[in-house]
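Chain naming follows the written order as A, B, C, D, E, F, G, H, I, J, K and L, and within any one chain the residues start at number 1.
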Amino acid sequence: MSTEVSGNQGILDEAASEDREQLLEMLRKAYWMEMETVLSYTANSINPDGVRAQEIIESLKEDIQEELGHAQQFGQRIKELYGVVPGSMDFAAEQSFLQPPDHQTDIVHVIKGVIQAESGAIAHYETIIEFCEGRDPVTQDMVIAILHDEQGHRRLFEGFLREYEAEGRA
Amino acid sequence: MSTEVSGNQGILDEAASEDREQLLEMLRKAYWMEMETVLSYTANSINPDGVRAQEIIESLKEDIQEELGHAQQFGQRIKELYGVVPGSMDFAAEQSFLQPPDHQTDIVHVIKGVIQAESGAIAHYETIIEFCEGRDPVTQDMVIAILHDEQGHRRLFEGFLREYEAEGRA
Amino acid sequence: MSTEVSGNQGILDEAASEDREQLLEMLRKAYWMEMETVLSYTANSINPDGVRAQEIIESLKEDIQEELGHAQQFGQRIKELYGVVPGSMDFAAEQSFLQPPDHQTDIVHVIKGVIQAESGAIAHYETIIEFCEGRDPVTQDMVIAILHDEQGHRRLFEGFLREYEAEGRA
Amino acid sequence: MSTEVSGNQGILDEAASEDREQLLEMLRKAYWMEMETVLSYTANSINPDGVRAQEIIESLKEDIQEELGHAQQFGQRIKELYGVVPGSMDFAAEQSFLQPPDHQTDIVHVIKGVIQAESGAIAHYETIIEFCEGRDPVTQDMVIAILHDEQGHRRLFEGFLREYEAEGRA
Amino acid sequence: MSTEVSGNQGILDEAASEDREQLLEMLRKAYWMEMETVLSYTANSINPDGVRAQEIIESLKEDIQEELGHAQQFGQRIKELYGVVPGSMDFAAEQSFLQPPDHQTDIVHVIKGVIQAESGAIAHYETIIEFCEGRDPVTQDMVIAILHDEQGHRRLFEGFLREYEAEGRA
Amino acid sequence: MSTEVSGNQGILDEAASEDREQLLEMLRKAYWMEMETVLSYTANSINPDGVRAQEIIESLKEDIQEELGHAQQFGQRIKELYGVVPGSMDFAAEQSFLQPPDHQTDIVHVIKGVIQAESGAIAHYETIIEFCEGRDPVTQDMVIAILHDEQGHRRLFEGFLREYEAEGRA
Amino acid sequence: MSTEVSGNQGILDEAASEDREQLLEMLRKAYWMEMETVLSYTANSINPDGVRAQEIIESLKEDIQEELGHAQQFGQRIKELYGVVPGSMDFAAEQSFLQPPDHQTDIVHVIKGVIQAESGAIAHYETIIEFCEGRDPVTQDMVIAILHDEQGHRRLFEGFLREYEAEGRA
Amino acid sequence: MSTEVSGNQGILDEAASEDREQLLEMLRKAYWMEMETVLSYTANSINPDGVRAQEIIESLKEDIQEELGHAQQFGQRIKELYGVVPGSMDFAAEQSFLQPPDHQTDIVHVIKGVIQAESGAIAHYETIIEFCEGRDPVTQDMVIAILHDEQGHRRLFEGFLREYEAEGRA
Amino acid sequence: MSTEVSGNQGILDEAASEDREQLLEMLRKAYWMEMETVLSYTANSINPDGVRAQEIIESLKEDIQEELGHAQQFGQRIKELYGVVPGSMDFAAEQSFLQPPDHQTDIVHVIKGVIQAESGAIAHYETIIEFCEGRDPVTQDMVIAILHDEQGHRRLFEGFLREYEAEGRA
Amino acid sequence: MSTEVSGNQGILDEAASEDREQLLEMLRKAYWMEMETVLSYTANSINPDGVRAQEIIESLKEDIQEELGHAQQFGQRIKELYGVVPGSMDFAAEQSFLQPPDHQTDIVHVIKGVIQAESGAIAHYETIIEFCEGRDPVTQDMVIAILHDEQGHRRLFEGFLREYEAEGRA
Amino acid sequence: MSTEVSGNQGILDEAASEDREQLLEMLRKAYWMEMETVLSYTANSINPDGVRAQEIIESLKEDIQEELGHAQQFGQRIKELYGVVPGSMDFAAEQSFLQPPDHQTDIVHVIKGVIQAESGAIAHYETIIEFCEGRDPVTQDMVIAILHDEQGHRRLFEGFLREYEAEGRA
Amino acid sequence: MSTEVSGNQGILDEAASEDREQLLEMLRKAYWMEMETVLSYTANSINPDGVRAQEIIESLKEDIQEELGHAQQFGQRIKELYGVVPGSMDFAAEQSFLQPPDHQTDIVHVIKGVIQAESGAIAHYETIIEFCEGRDPVTQDMVIAILHDEQGHRRLFEGFLREYEAEGRA
């Protein structure tokens, strides 16, 4: 491209292309994690039966939009770093723990599944944040905000689980 | 269940369980079609480069919400018919024609992919509508409305394609 | 009336007056069903005690407006078909199963009552829809939409009941 | 209940249970008055024919929501005073004067019916307000506000009647 | 077009081109009916004089937007069925009964004109709905909804006329 | 009319009736110009095919409302000047240049048509403004504002045309 | 004031102080005309009885805000021209024709009063507009817009009067 | 009027006509107090000069709407009690203390005027409230709410005055 | 202050300063009760764990704003009565029963704490209302409205408690 | 351009190109005046210190948007008259009187600067308005509206200055 | 808990429990700082008298919500880090400098108090940010945002103080 | 200043004044960069001609507000760090590459100019972020967010450029 660019462009600099490649790899994984969560939460926000399930259904229904938003942020950042957002053929499901349970009144199954999904995301985002240190403050800042959402969400479902444990059902 | 139910309950009647099973099969397929479209349109609303691509990007970005809404409607109807919305492990990608092209300025690739995806959906929904005739007017009415959206959307992209054909680029 | 009307006016045609009479009979019944539901849901959205009851209270409170809207739609359609919406002296309560229980913490009583009320409505609306086939597509379309609401609502309360059954309380 | 309550609790005090019983009786009557008005106004906001009737139709249509709101306030207050909101089987229609007239262009019939209904409500609410003096300022305050609505509403319809009287039609 | 389309595409199928042609003819007629109504209602929402006329003016003013919306829906459907929306040179006025009366206080003239216009539309839409049965559920569904609007609108103006008849002025 | 009117009433003065007649003639022409534009823009906001056409479609779709608003302003002013808004039988199409082109991808045809329509309106409005000088500042002020809209609109489409000319397609 | 002001300041120029004085006189009169209208319309939007009166009541109720807005505009302009908005002791009522009639069903009295008030305002505003020509385009522009409101308002009430005249009651 | 009214109608009872007359006298006085305040606050929200004056200007500008609302409430209540809202000829200015000061930077003059106006209103409203005790709880409740506004408003301006006193300027 | 005040100023009169002092004492206590509730509800809307706890969390979270609003109303009234809102050093915690429980799943602890806090407030507000009778109708009216909120809130939590008692857990 | 244009196009006519050139010159100057004001007001809405400064800060902060809007209107008009909006290299600062003062509590400096800037704008806009007379009513109308804003704004700041002068600080 | 958690969970990791304890200590202190500010600002947004005080009152009134929001964020973060939000008995007032002054027109006292409170918060938040470096980016990010609010707020009040110092009153 | 400040105040500490000076220098430069962008984008959002230009015009029009917001954030931060926002006389244009092109259909010129402007901003913001590390987390956080906007914006225009390059026009 003939447009002259003066000064250090940080992670977007030509000199940073290797870092960018590594980061893109991590962002694509994050993208798919969020997208699978959209699938899983949609199913789990419709299937469960019962009064108590309503609280969880409403919580997950709101999260669908939030997680889709996260996926779009990751996709957008991939674009900004000169990467390509992968197509549906690249999708490989991993959340075996969030499949529909045998009985739709089995809320504990769903709660544990959500906690496991969030924990996986948290661990991966910690890695991205660490990698970005001194390399890409923009991605780092964005992922910290997403991490906060996931931490808060997991904590809520841990509280749900505690109640069931206190009642001797989990 | 001990609650007495008097009168014919239509598709929800015990006598209609076989019809219900067949319909559930079709609805689950429709659910996955819409969900894959969410994945495909997300990627295709981020990847393309260029001024002209903006029109398509904006169109697809709005459709993501619309298609997710369709998926949720299908999922909700599955629930109402005593079925279970499938989990992410059941997902199998089929839209090979909507994967990212080699060059992100290749808009014709995206346009053709959208047309093919919509055509597949239209054909499947025609089948559901026919099956519902005299069996389940509620599902029929819901699918007719969704079919209208898909027809309109395909027509728009056919118009896009015509322009490229007129310019000799497609 | 001296205004000339050319062409077939469907259900509003003079030739269709008998059909119209039958349909009006069914619509008046539907009108009262919805109106009694307004009364029943108002009481049942205030009386119940308990944390779990809140979910049901909120659900019913929203439904009051929805059911009143249905009643108004039925009333409006009665008007359009040259009928008269009946006055309060014609009202005869039928939802014996939705009266206040002995203890306001008896949620199962309310849940079963709602399911029975919705089932009655569903059966009646199926009849109307069948009758309208080939006679009055406008009423048919309107009733299909209302039927969808009632089906969805019943399914929700069936889920509530399942939970109590699973806990051995219903 | 083991929770300690210190200090005078007014109408909610155990010592006030007799007053509470009398008040509950009056509130249940008020509840049914408002609920019957909902039924009557719905019919009378749909049935009338004519240009001039539109003004009355719009006025009554808005009042349906207002009167339903009043009914809900009475029901809520019944609950707060440890009473139970009655079910639909307890309903007994009393507004013989608000039934549909023989001709739907007979607006004077409707106007007079509304005035009579409002007058009955006003007289009953005056009684409640008097009873509450020095006993239950909260109920009193609530009923004064509702009384204001009814007075204003009756005055409006008295004005309508005057016009018809001036024209020699009432 | 080189894009492969698998499965039956209903009314959009190549095999259905003859049906499509007939339907397009009917939709173009419907389009012009609605458009002429826009012209007629604009004039009739400005010209009339008098207090009573205000009710009609407001009613027609709102209808302008509604009817324009109908026209746009018909136009959009023409497009989706591969037709072309006609230009202004194709317009031929037919609503001789909705021209401005000699005296702008002659409201009965306007009321009768509206009833006649709506009756014509109703008859034509009944024909379209019948034609679409088993051929094009999407157009059918769309026209049923529009038919409902027109029926309701005509019923309102019939009520206006009744009042004038009762007063011996029509 | 027996109501006494003191002081000069400007264009509404009895003495100004001849001026008013001339002005009414011009306003009726303006009214029809805007109304035909509503018809033409509706067709041209639906028919065109292609990505680039979307920009024009959106621009025209917004203009439909704007032009309808202009027509209503002209109609309202006709009323205020004691004239009568003409009915649909008086309409005579003149925008031969805005009829649908042979190919719906022929955007240049639409652009040129819009420019010609706007130019005609601009010339007519200049005449009205000149006529109103010292005679009717209210109409003048209203028309200046409408003229501004049309000038801005034409300038936009002239820019569109320039691009096609620069590309050698117009 | 020591701030240097270069260039011609139009009506705000020191050289224009005499013109300004004359204009202020006219604006103060306009201010009181609008303010008295606020008083008159408030009374006349509450007092009248009857169905038909509602249309006038609603019309006047909206006008109260509009006329108060006009008064504030006049007041603000007085301020900008270095004048002082007069206090309540300077108010002298002049609208003898808008006092409450003997019978509150006498709508014709109100209608004629409104027409007379508007006519007075129109004559005065014509004078201001003429005076401003070549002297103060800002005030002129502001008054033209207000004049338009008054003309439209009077025309509406003239239409009301015509109806009563046609019915032989005015 | 032939409509039967059963039961005590409180202040609206025929037996209470004398009380009603006295109350109407007081309400008409209140009506004019509020209306004069509208006039006075309009002038005083435009005239003052200076940075500090802005706080007072904004405060008074908001109060105009509030006070006009009070006037309308008083007028409406007069109507409900079978009285007539007086016309502009009955207005007699009394707020000599709220006329424009000699210098528009003399804010203390305005502050003191507002305090005096509010004090007059407070004293009059205390009298009405006392009179209504046991006679008309609706008017009493309405006036208590208005009294609260005036007390709060006066307290604010007393604070303003204290500051000026502390600075030795009042 | 030199501003003349004519007429009885009620509780704000110089003659009422002793009453005012007593009332201020009661209002300061009320102010602190509400403020401590803000602190307690904030903690108790965050700490609890579990699905069922969500209902209580949401209820308390909304109440924080409501109670803060009450505190501000009490503070504002203190100001209006010439008192001073106390600073944070004057705060002394009293709600020992609303401190965090040992286990965050112990919801019954929270419910009982809320009931006790509300009961204390109710008793204190009854005292204020009684004191204000014939002395200060404005404060009385304000406190009645707040009392209603607290009564309703306590009733809700009593319902929660009943459920736990019915389940043998409280 | 080959599009035929019939009739006089006013200022856009080919015959008016010389007038257009002169007008463009004036509009470009106006454009820069407004743009420099954006720069100046941004600085002056951030820099000042003090309570009294807040009033000015808020006033200027709102004006930034208003003045930017003016600049965009001027730019848009330049475009419509076939001119080109100048780039940043053409900008030459002229508001030496609106640079930051030595002490940020020196509010008088800012006030005088604003008055001087507004006076310059007013003088220039008077010239444009005069030039447009009989040549370009659209530009004239637009500039009159902007002139009104500037006059009102200057008057406000003159009031601020008067206060400081009255206090002997300016 | 039996749910498996794979990967490093950062500050939420079991290995980080000591860091978490230290951080919780700091967050509880921050929580109380913000909560005391809510108390202090409530009092100081009601007590002050005078025109100039209004600016400060409005500023503090908005801050109450902001500071309560901060407190809730700190409380929520405590929860997420497995801590417990403390109850009201743990509160110990420290802002001796923000107690009500002797004279309510003593604004300087309030300004200095706010500056001191903000300075204390700033120092404490700097410590938290430093501690979080490399340990807990989520808390760090949250506290940086809060720190920005406090810095901006203090700067504003420093500006207020400067004005009083410039006037020789502080 | 006599207000005691305890604890480390970070970048606002007296000890950090040198750092602050350096940072202020950088922020002033950033301020001017954003401000010049406001000027450049305003011109470039009006000047271009053509359908394709519309996409760029709309993009830049939205950016004007965004960039002005950035400038205000930089200005506000300068203030918080005890600096002074510079006046218009200090402005020196640097974006020679964003001046209007010779032909207004030359979109590539604009696209390249935007990319160059964004690149310059990115490089400068990278420098600020680096400088702030360990010195001023608040400024750092603010600039990271702005940097993200600029990166996204540049990427969009790089995509535009690619399209033109693919078409052989850039």
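The working rule: a contact is a pair of C-beta atoms (placed from the backbone, for glycine too) under 8 Å apart; a residue touches a chain by one contact, two chains touch by 3 or more.
Remember, it's a predicted structure, so these values are computed and weren't measured experimentally.
Asker: With residue numbering as the guide, point to the option in F-J, B-L or C-D that repeats B-E in over half of the contact pairs.
Answerer: Of the listed pairs F-J, B-L or C-D, the one copying the B-E interface is F-J.
Asker: If you tally contacting C-beta pairs, which comes out ahead, F-J or F-L? Let me know.
Answerer: Pair with more contacting C-beta pairs, F-L versus F-J: F-J.
Asker: Based only on mean CA positions, could you tell me how far chain I sits from chain L in angstrom?
Answerer: Chain centres of chain I and chain L, defined by C-alpha means, are spaced 50 Å apart.
Asker: Could you put a whole-Å number on the gap between the CA centroids of chain D and chain E?
Answerer: About 42 Å, centre to centre.
Asker: Give the residues of chain G that touch two or more other chains, as numbers and ranges in rising order.
Answerer: Answer for chain G, listing residues that touch two or more other chains: 52, 55, 76, 79, 104, 141, 158.
Asker: Chain B touches which residues of chain L in the complex?
Answerer: Residue positions touching the partner: 52, 55-56, 107, 158-160, 162-163, 166.
Asker: Note which residues of chain F are touching chain G in the complex, please.
Answerer: My answer: residues 1-10, 12, 76, 79-80, 137-138, 141-142.
Asker: If we count contacts the way the header does, which residues on chain F are in touch with chain J in the complex?
Answerer: 112, 115-116, 119-120, 122-124, 126-127, 129, 140-141, 144-145, 147-148, 151-152, 155, 158, 161, 165
Asker: Quick one: in the complex, what on chain H touches chain J?
Answerer: 48-55, 103-105
Asker: Spell out the residues on chain I that touch chain K in their complex, using ranges where they run on.
Answerer: Residue positions touching the partner: 35-36, 38-40, 42-43, 46-47, 64, 68, 71-72, 75-76, 78-79, 84-89, 91, 93, 95-96, 98-100, 104.
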